[in-house]
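Next, two complexes with subunit A in common: one pairs it with subunit B, the other with subunit C.
After this line comes the complex of A and B, so read on.
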């Protein structure tokens, strides 16, 4: 008789399921309370405040939709949106391609692959603000040799941010891809080999379709991370350089959406509600994109 | 049935917790929570708060916002249940934002202790919303010892032309002398306010003086921007700092350059006195002097230092009565007691209160001497700046590009003049 392994079937036993069914509200409660206090309540209050003029959340006065009108009329918001969209496209592609390539290399049999995994993962452990300041020093030190500096033009700032974020996030995304790659069954790869598939064919026809669940989660993470990018943006360029347009309007050329919302809030009391309205628009935008992306990549996943 | 009991139990737990929280909140003794915005005075405030608590048993909490983050910190702290009872509200912008949080000082003991109301902020109804607890002056600080080594006397600096000649000569001989004319004019956030705020006061002051502007104007003309360019060029061309790296040069760097004798001139204010003569740099007071900022405006040889204040205390009107009383008592003690006035004199120089002590700060002596000589005080015209952080950011960005040779002076003008109108509209929009 083979040794009995714990396959989890015991959980399906009626003896265990019945008390769980009865008592689950009690066990969910602490987490659910935290969720309400930390997420649902502030979220609802945020939506309410986007219709108000307020200095602090406790002295809000209802003003209707005027905050939303002002938000859409603000040229800096549009500019920040396009900056963010451009940044998201570039960083999603760059991070996922490089992370996958590294993950693929590190799942092949090679010496020291564990060490490399650790090393690549480490940048992810450093906070965004710290990274932003460190990289601004690195970039400035390099650019100094060419008698220029990071905030000299928007292009430097943009690519600086892309490099920073890629450096930071590739390790994390790589770990997810490694887990996905390790789950690809050896049998399938062996079958492909026997059928005469070369390594590129194996990669594109067998491996990638099988890691689509990882691709889904990784694109989701990089998409939402790019849109929510804040601390790195603030610490690296703070939106500089600022251009004063012919009509007098001032545009922060390397400002992404989250930073735009933050600086709108800081204009003065009358803009707090506008920033809040922008945040609500921002939420709807990110949620829509994320859902669209999830359903698009899910279709590509194969059932095993 | 059990499900219902479980839910009931849960509800009891939550209610119990909530009751506990509200139970703790009630306290009859008032306490003071001061949100301080001057990091350089943090230690002194902490020590004073401790002494007051030992003396009276009243809890005084002093929190200092990190450099440049005061308005963010104030916003966050004010939304809390235990909001600051005492904070700074220093200019017109502050009154727009925080006006309804400012207690009217009329009739309070601390107001009765004041010798002048020149620095106080009043609203349109005449309510005293914030009291100026000290005033400050800024200008060009000179290391007289180094100036002498270079072969000059302070008395030779009378206007822009003489300042320029001396600075350029020192810069030309920098390698031989071992020091340069000006400390670095960093445009990093920790230093850029010296130029987008304080130096920009020069063109603003002269323009407002010509046009008799006394309230925040919707637009400005930039009549004296050439003078602004004169002095800025002088700063960046006669310093050891690389012009392309100004965007990352910090305030601490310039302080160290001046403090360690690597530069003769440093544009700063009276508040730096304690740092310069303190343990870190050990500069001798007799070697320090503050000169007016000369920038090539006609008649400027009669200018004194730039005097004004953004240091105004406001008491949170939305705090509990007990806390308000405790805060007003604390303020009174600060401006009347031995240790309070001593600390104020050391940290802030002359304060407009009856019991004020004579400060050791030589820069104030310089300021007073110039005024006594009949020269005109350059007031703080920049207090009128609309949406001040954004306006300054625009000017800094343009200045950075101009200095690095990456943009022209016209961009600075645009940021200065058009930026003003834009930010005015934004502030009132």
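After this line comes the complex of A and C, so read on.
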């Protein structure tokens, strides 16, 4: 992670610093302008518009917190939150356990381990939309034998998404675990063996404590990835099936938060402000989780 | 002792060989169904093509114009957007990162922390307002959308480059300065060559992102004129009542073949780049 402050001697070399400052317009300005267009301005405007009723930014009218109230009262948002939380928990555990097991096996002496690594990583290169359509065809073909289909039941959609994302991300997480496992020193494993530890003891007492930094990175990545999941969710079920609530409102049952924000914006033109308020809530949620996880990483790094 | 080890290792190899086949099965499914007519895909997607269901390359030919938009145009736009965006990100962000790492000013620090901050902001937070901004500044064409990508992707790239530049010995740059190099030449002929490993990591991560990105181009681009591959695939299933699964699978096959070929050729770099990027992120 970032160093708290730059160590002064390295950075403030007059030979480098003074001349480079004159080149500010070339080295900084293009990137900074694009950064304002692509991030800072949309971000600030997004916060402002979450307090407004608007169709386009030009007709925005300030309405205070009413968008947030509507967002929290919207049952579909709550449903999407619990879907996302459940999905995150299941996929974090599943992906990390399987990826670690595969990485552990592949770092043992074994024929073909490079080939297997190549195969397991491959799905990670395919885009989410394409993955969604591949798997919806496969799931529909399987479920046809039981004369049903993927969007018939929320449970199918949920587990379908879990399987899809596991297939996509296990290879990626496995690569990080392999890098971590290769950094565990042979001497330490040797010492454990000489002291009479069996292979399970070596795994749990020596190997796993030494790859804890990788574990933190991987749980962080799977956590943020599952909270930000959009393409796969949209392409696989698009949130279907829909159920009708007692008060007549309709809820998409397999929708995750990111898709819920998107459909709130597109379905109801008077709810653009609410969609933006949901986006702000979503941002705060993701940022809080990310920061909590990162500070845990930093603590671990201090201990080492 | 040795023999027992090798038996266990053989069992592992056999197990992973089977698991690998299972892993490749979805892609195999796409391949076989891309050669079957739609009715047969619907009937039994797992059956191998036989004399009745096999249609040769008909699905591929149909897929080229399927959905009222030539598939090759989508490929072209995807390629163009990815190449321009990644080159722009690599060039601009490495220059900016060098400035931030070497000039310890208030501006540098603020910019750096803003970059860190942008990495935890999900796209949904800015997607509506980014669309408005891009529309108003006419950034809605494949030639100008790289500017949006540079803006939204700068955070991660600058963060990775700064981390690397801080580890470079300053003496080399000072020597160059004493020998009469201005900052421009110092950067391009001294620093840039040393940045190569990080260039590869950042380049691979950004390529994977831009190439597969769906929502940003979907919202920003003028879709009546320009589509990318993910948008094209989405349109095949989304907007046409009866879906021709055979042709859809042909289009999907065409869209993943280039990635897989590229991956097989430079998998070492890709895997290393991804691992390096993740460890730093």
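Before moving on, here are some points about what is shown:
What we mean here is this: the second predicted complex is superposed on the first by the 252 of 304 C-alpha atoms of A that agree within 3 Å, B and C clash if a C-alpha of one lies under 4 Å from a C-alpha of the other, contacts with A are read in each partner's own complex, and residues count from 1 in each chain.
Just so it is clear, contacts are C-beta pairs under 8 Å (C-beta built on N, C-alpha and C of every residue); 3 or more make two chains touch, one makes a residue touch a chain.
Treat the numbers as computed from the prediction; the structure is a model and nothing was measured.
Counted by residues of subunit A touched, the larger count belongs to C, out of subunit B and subunit C. In the overlay built on the shared chain, the residue A:137 is in contact with subunit B and with subunit C. In the superposition on chain A, contact of A:31 is made with subunit C only, not with subunit B. When both complexes are overlaid on chain A, the residue A:276 reaches subunit C alone and has no touch with subunit B.
Legend: residue contacts after superposition of the two complexes on their common chain; A:128 is shown touching subunit C, with no touch to subunit B.
In the overlay built on the shared chain, the residue A:57 is in contact with subunit B and with subunit C. Contacts of A:22 after superposition: both subunit B and subunit C are touched. Applying the stated contact rule after C-alpha superposition, one finds that A:248 touches subunit B and leaves subunit C untouched. In the superposition on chain A, the residues of subunit A contacted by subunit B and by subunit C overlap at 22-23, 26, 56-57, 137, 140.
For subunit C in complex with subunit A, the residues that touch the partner chain are 5, 9-10, 12-13, 16-17, 19-20, 23-24, 26-27, 29-30, 33, 41, 44-46, 92-93, 95-96, 98-99, 101-105, 107, 111-112, 114-116, 118, 120-130, 132-134, 137, 139, 147-155, 158-159, 163, 166, 170, 173-174, 177-178, 182-184, 186-187, 208, 211-215, 229-230, 233-234, 237, 245, 248-249, 252, 255-256, 259-260, 263-264, 267, 270-271, 274-275, 278-279, 281. Residues 2-3, 6, 8, 10-13, 15-17, 19-24, 26-28, 30-32, 34-43, 45-46, 49, 56-57, 102, 105-106, 108-113, 115-130, 133-135, 137-138, 140-141, 167, 172, 175-176, 178-179, 217, 221, 224, 227-228, 230-231, 235, 257-258, 261-262, 265, 272, 275-276, 279-280, 282-283, 286-287, 290-291 of subunit A are the ones that touch subunit C when the two sit in their complex.
Looking at the complex, you find that subunit A touches subunit B at residues 22-23, 25-26, 29, 33, 55-59, 70, 136-137, 140, 144, 147-153, 238-244, 248-250, 252, 263, 266-271.
Listing the residues of subunit B that touch subunit A in their complex gives 2-3, 6-7, 9-10, 13-14, 71-72, 75, 78-79, 93, 96-98, 100-101, 189, 242, 244-245, 247-248, 387, 389-390, 393-394, 396-398, 400-401, 404-406, 411, 414-415, 418-419, 421-423, 426-427, 429.
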